[in-house]
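In what follows, structures are represented as structure tokens.
Shared between the two complexes below is chain A, which pairs with chain B and chain C, respectively.
What follows is the complex of A and B.
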């Protein structure tokens, strides 16, 4: 996945536009960073990468950039 | 008691969970099993757990390869088996918020729960394949009680149930009964995996319905309801649902 695709997945999960997000942003500070957002991220990673991360795996990341690195 | 003595019964999803438990239960009641599952190793493990292990056959098969169903049933025919029953236990669930739904993941769930089931029924009911018998579909309480993030799974199960009801009309002309078991909360390796994978977000996705009267059971308990529908004890039932959900949900 390229940077743009990763950012689109995260933006979609928190119902934001990609332009509103940057790598330094802290996930917990995003208005819609909730359980549904986490489950949406898990679903997207499963669909695209065939990996099944747990909610704990996702919740362990601090920033948007940390999460993007995980999506390789 | 030998409720299913000499009855030849297909069990899909036989390599684990409800499929494995049901296969074991059927073997104890004298049935002859045709085990279907993807994982060859785990499938032969199941076979070794059965009573009269040599009586049964295991066929490693991926139910999503629809173009090969012909070969699968040909193989059963070559063993000189005339079928008396079938249970479709294969399947998996996915927790998908509306935002995460894609054509692909919805199709995957429909394929395993609904399209594969109807295809199995189609081949089972062909002339010369069966001696009538009883087919059981495995549905889920999600098809009746809404649960957050379960749209794709619940809809796939609902499609399967509706297919059971509808197909019952044509199938009775061939002396085949068809019913579904509506399974509520059940503890299997798969359900434990799902529960642990979402630990930390919310427990409400696993079991939102805390009003069940009987606490959650393991798969072997659900197998009892399946056995009832497979056997002649349920000879006056077709096109119906049997709830195995612990009561009032």
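What follows is the complex of A and C.
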């Protein structure tokens, strides 16, 4: 996945535009960073990368950039 | 475990609904809360049915069985076995199958067995029925499923932060011997090491129910305290179910493209869309509206989609169907079989 695709997945999960997100942003500070967002991220990763992270795995990431690095 | 059956068929499916209907908005503290709205969009929460405060599973099932008998769609003398799969037993002892046998005044040699298999309960119930039919050539097996986990003594007493997934329903399926051109294939898997992903912790002998726990459940945890690791269950379904269906298709000598209906357990719209995607099948072949109309009723979901979304098709002509139940255990089990030209496939509303 390229950077744009990763950002699109995260933006969609929290119902934001990609332009509104930056790598430095703290995930917990995003208004819609909740169980639905985490599940949406897990679904995208399992679909695109064939990996099955737990909610705890995803919640352990601090920033948007940290999560993007995991989506390699 | 793999199964191969010959000359067995489903001949009728009946769903029995409680008359009380309510909407998701009626059970949450703040229906306009953004998290509730987001959950509704993904899960597909909508309307549900709830039994009255003193209604038990046997009441719903007997309502349906008496309806079938009085309308001459079922002759009680033809019943050879009753298989019941529900988490909502009337009592710890005796089992529901025995209660139904006694209330209907059936012969003493009717085989009665309860198999509480939660979301896999309909498929395992059918597998049991197929196994039994080899021993009763001239009899029928009645498979009873459903749940009443939404029952409340006072529906207004507590509201939740998030809506519950449940919905109350009972179903009766008639299974019998026949001369069929297509064989039935089934498989069954379980992984008890992941059992905590879906669990009702209180009320058994490990953690006996107390007044305090019951109050906490009523106020905080809908559906009798069902506790779920949402992402764990999602990953389990995505990882285990598609390969098991591909393998079953191979055994049945068909491809997923040959299958007319994927009659899956109905956890929520999101999971079903992802499952359809993983199988590479179009959404139109995978009914997924049940969580919006009747909710997730565990063992009751697959027959409920048969009597609603798929009813016209199952009544009018033969369909190659893939049934799959997955959930508590964790257990996943599927069947590929022909279903169609049913004698009845309907949903009735009771006063219960």
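As a working rule, the second predicted complex is superposed on the first by the 72 of 72 C-alpha atoms of A that agree within 3 Å, B and C clash if a C-alpha of one lies under 4 Å from a C-alpha of the other, contacts with A are read in each partner's own complex, and residues count from 1 in each chain.
Methods note: a contact is a pair of C-beta atoms (placed from the backbone, for glycine too) under 8 Å apart; a residue touches a chain by one contact, two chains touch by 3 or more.
Keep in mind that what you see is a predicted model, and the values were worked out from it rather than measured.
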| item | value |
| --- | --- |
| Chain A as common anchor, with chain B and chain C clashing or fitting | clash |
| Partner chain in contact with A:49 - chain B first, chain C second, else both or neither | neither |
| First, second, both or neither for A:31, with chain B first and chain C second | second |
| First (chain B), second (chain C), both or neither touched by A:12 | first |
| Single chain C stretch clashing with chain B - from 7-15, 61-69, 97-105 or 205-213 | 7-15 |
| Doubly contacted chain A residues - partners chain C and chain B | 15, 35-36, 38-40, 42-43, 46-47, 52-55 |
| For the chain A and chain B complex, residues of the former touching the latter | 12-13, 15, 35-36, 38-40, 42-44, 46-47, 52-56, 59 |
| Residues of chain B touching chain A in the complex | 94-97, 99-100, 102, 104-105, 149, 196-202, 205 |
| Interfacial residue positions of chain C with respect to chain A in the complex | 34-35, 38-39, 42, 229-232, 234-235, 238-239, 270, 274, 277-278 |
| Chain A residues touching chain C - in the complex, by the definition given at the top | 15, 31-32, 34-36, 38-40, 42-43, 46-47, 52-55, 58 |
